[in-house]
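Input: structures, listed below.
Two complexes are shown next, each including subunit A; its partner changes from subunit B in the first to subunit C in the second.
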Partner chain A sequence: MDILQITILGVLASLLYILLKEVHGSIAFLIILITGIVIFFSIIQQIQLIFETIRKLGDQANIEGLYLTTILKIIGISYIAEIGAHLTKDAGLNSVSKYIELAGKIFILLLAVPIITAVIEAIIGFIPNV
Partner chain B sequence: MRIEIFTDWVTQIILFIILASVIDLLIPANHLQKYVRLAISLILILILLQPVFYLFNTDINAAISSSMNRIERQFNNEPSIENQIDFEKNEIENGQDAYILKQMAIELEKIAEESLKEEFAVEIASIDFQFSVMDSLTYEDLTEVIVYITESEPGEGAMNTVEDVVIEWDHEEEEHAEESFQEIENSLRELWEIEDKEITVYWEGEGF
Partner chain C sequence: MFVDALILFQIAGIGIIVALIHTILKQMGKEEIAQFATLIGFILVLLIVVNGLSDLFQQIRSVFLF
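Let's look at the complex of A and B:
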């Protein structure tokens, strides 16, 4: 999908939302939800292209596949957490959106933990045992 | 060789920094950005430290994947502790069963040793037990006792006579193997007082 189409879709959705907000709150929210999902799925293909490029570059640079997968997973988690958090925030559930963000943070840290432990273990290994 | 490693390392760093900047742009700008940056910078540290790892002969990839596996295992099977306990329990039980069977075999061997030596000049090499229900080691489920025999070695003090007998008997055994097996089975049945179970005798190494 083009950027133009996405923008138009967004603008239309917001207009509909404003119209429906007073009459039917729940349907208005449904519009937000559907718009978000449609935009997300239209973006996914482009994201795939970028991910493939990152992967190819990483392979060329001889960067370990493990690092790259970690990075890509982290990007995915941040996107999904972001989308979920914004949707819940739009629905008026601020606290839930905070929780989703918290979950995203924790999952990202969880992915980073092996790297942290590896670095720490390696550094401890460098220190000679006296 | 050395210069290759060096250039490889430098290209790795440069390309990774470029990649990291692209990724930095990709990620949504919110609170999560800090965490993503942390992870990326840690990976950058790992790449920067690569010559040091090379010098110290540390296999950093193995370390990472092992700790990753550990976390994944913890993460994926939450009832893993239960599974582990079950597994260990089974292991202990199997060990106990094996021990009981071994003790039983030793006892049976002891009982039959003397008379087998005297009557047939053979001795028991090992005893196997077959059960109708797996994992249920009770006398009721016992279906068959498989006895592996070998020629008995000449005893002390009776060297000459026993040696003669063994050679004689060995000759005969070829012809009357079936009969002597039957006899051994019968006498074992009497000795062990196992009437309703199958007893099968094989030569050691022959199998069935």
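Let's look at the complex of A and C:
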């Protein structure tokens, strides 16, 4: 999908939201939700192409598969957490959106633990035994 | 793309029509049926949106988390 089409879709959604906000608040919120879904759907296919390229390059450079998988998972978690946080913020639940962001950060840290461990082990390996 | 914009118009149409039905039933003095019509309209839209959300999460799962 082109950037022009996505922009027009967003403008259209905001118009429909203004129209519906007066008569039916809950359905107006669902319009925001479905707009986010549609735009993300169009983006995710391009993301798939980019990730295939990254993985191919990683294979050529003999990077261990574990590291690339972890990085891609971290990016995925951040996208999902951001969608959830923005939706809850739009619905007026600021605290819940903060909690979702916190949960995303914690899970990212959890996924990064093997990499951090590998780095620290490599550093310890450099230090000569006294 | 055309299908995507169609979903948006579909939801907006359902919302407007439900609001119309609600107003008419309220004018007729049937509050309970008006509430019921609003509820049904909301559930219809929720069905569409939740289907889309589930599709999106499946896609994210297949791209990022394999």
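The rule we apply is simple: the second predicted complex is superposed on the first by the 120 of 130 C-alpha atoms of A that agree within 3 Å, B and C clash if a C-alpha of one lies under 4 Å from a C-alpha of the other, contacts with A are read in each partner's own complex, and residues count from 1 in each chain.
Convention: a contact is a pair of C-beta atoms (placed from the backbone, for glycine too) under 8 Å apart; a residue touches a chain by one contact, two chains touch by 3 or more.
All figures in this text were calculated on a predicted structure; none of them were measured in a lab.
Student: Just to be sure I read the superposition right, which of the two partners does A:L30 touch: subunit B = first, subunit C = second, or both, or neither?
Tutor: After superposition on chain A, A:L30 lies in contact with subunit C alone.
Student: Classify the contacts of A:Y79 with the two partner chains as first (subunit B alone), second (subunit C alone), both, or neither.
Tutor: Both partners.
Student: Looking at A:L111, would you say it contacts subunit B, subunit C, both, or neither? Reply first, second, both or neither.
Tutor: first
Student: Considering only touches as defined above, state whether A:Q5 meets subunit B (first), subunit C (second), both or neither.
Tutor: It touches subunit C, and subunit B stays clear.
Student: Answer with first, second, both or neither: which of subunit B and subunit C does A:Y67 touch in the superposed model?
Tutor: A:Y67: touches subunit B, not subunit C.
Student: Give me the intersection of subunit A's contacts with subunit B and its contacts with subunit C, in residue numbers.
Tutor: In the superposed arrangement, which is not itself an observed complex, subunit A uses residues 75, 77, 79 for both subunit B and subunit C.
Student: For the complex, which residues does subunit A have touching subunit B?
Tutor: Residues of subunit A touching subunit B: 50, 54, 57-58, 60-64, 66-67, 70-71, 74-75, 77-79, 81-82, 85, 101, 104-105, 108-119, 121-122, 125-126.
Student: Which subunit B residues qualify as touching subunit A in the complex?
Tutor: Subunit B reaches subunit A through residues 8, 11-12, 14-16, 18-19, 22-23, 26-28, 30-33, 35-36, 38-40, 42-43, 45-47, 49, 52-53, 56, 58, 60-61, 63-65, 67-68, 71, 75.
Student: Hey, which residues of subunit A end up touching subunit C in the complex?
Tutor: Interface residues on subunit A, with respect to subunit C: 1, 5, 9, 12-13, 16, 19-20, 23-24, 26-28, 30-31, 33-35, 37-38, 40-42, 44, 47-48, 51, 69, 72-73, 75-77, 79-80.
Student: If you look only at subunit C, which of its residues touch subunit A in the complex?
Tutor: Listed in rising order, the residues are 1, 4-5, 7-9, 11-12, 14-16, 18-19, 38, 41-42, 45-46, 48-49, 52-53, 55-57, 59-61, 63-66.
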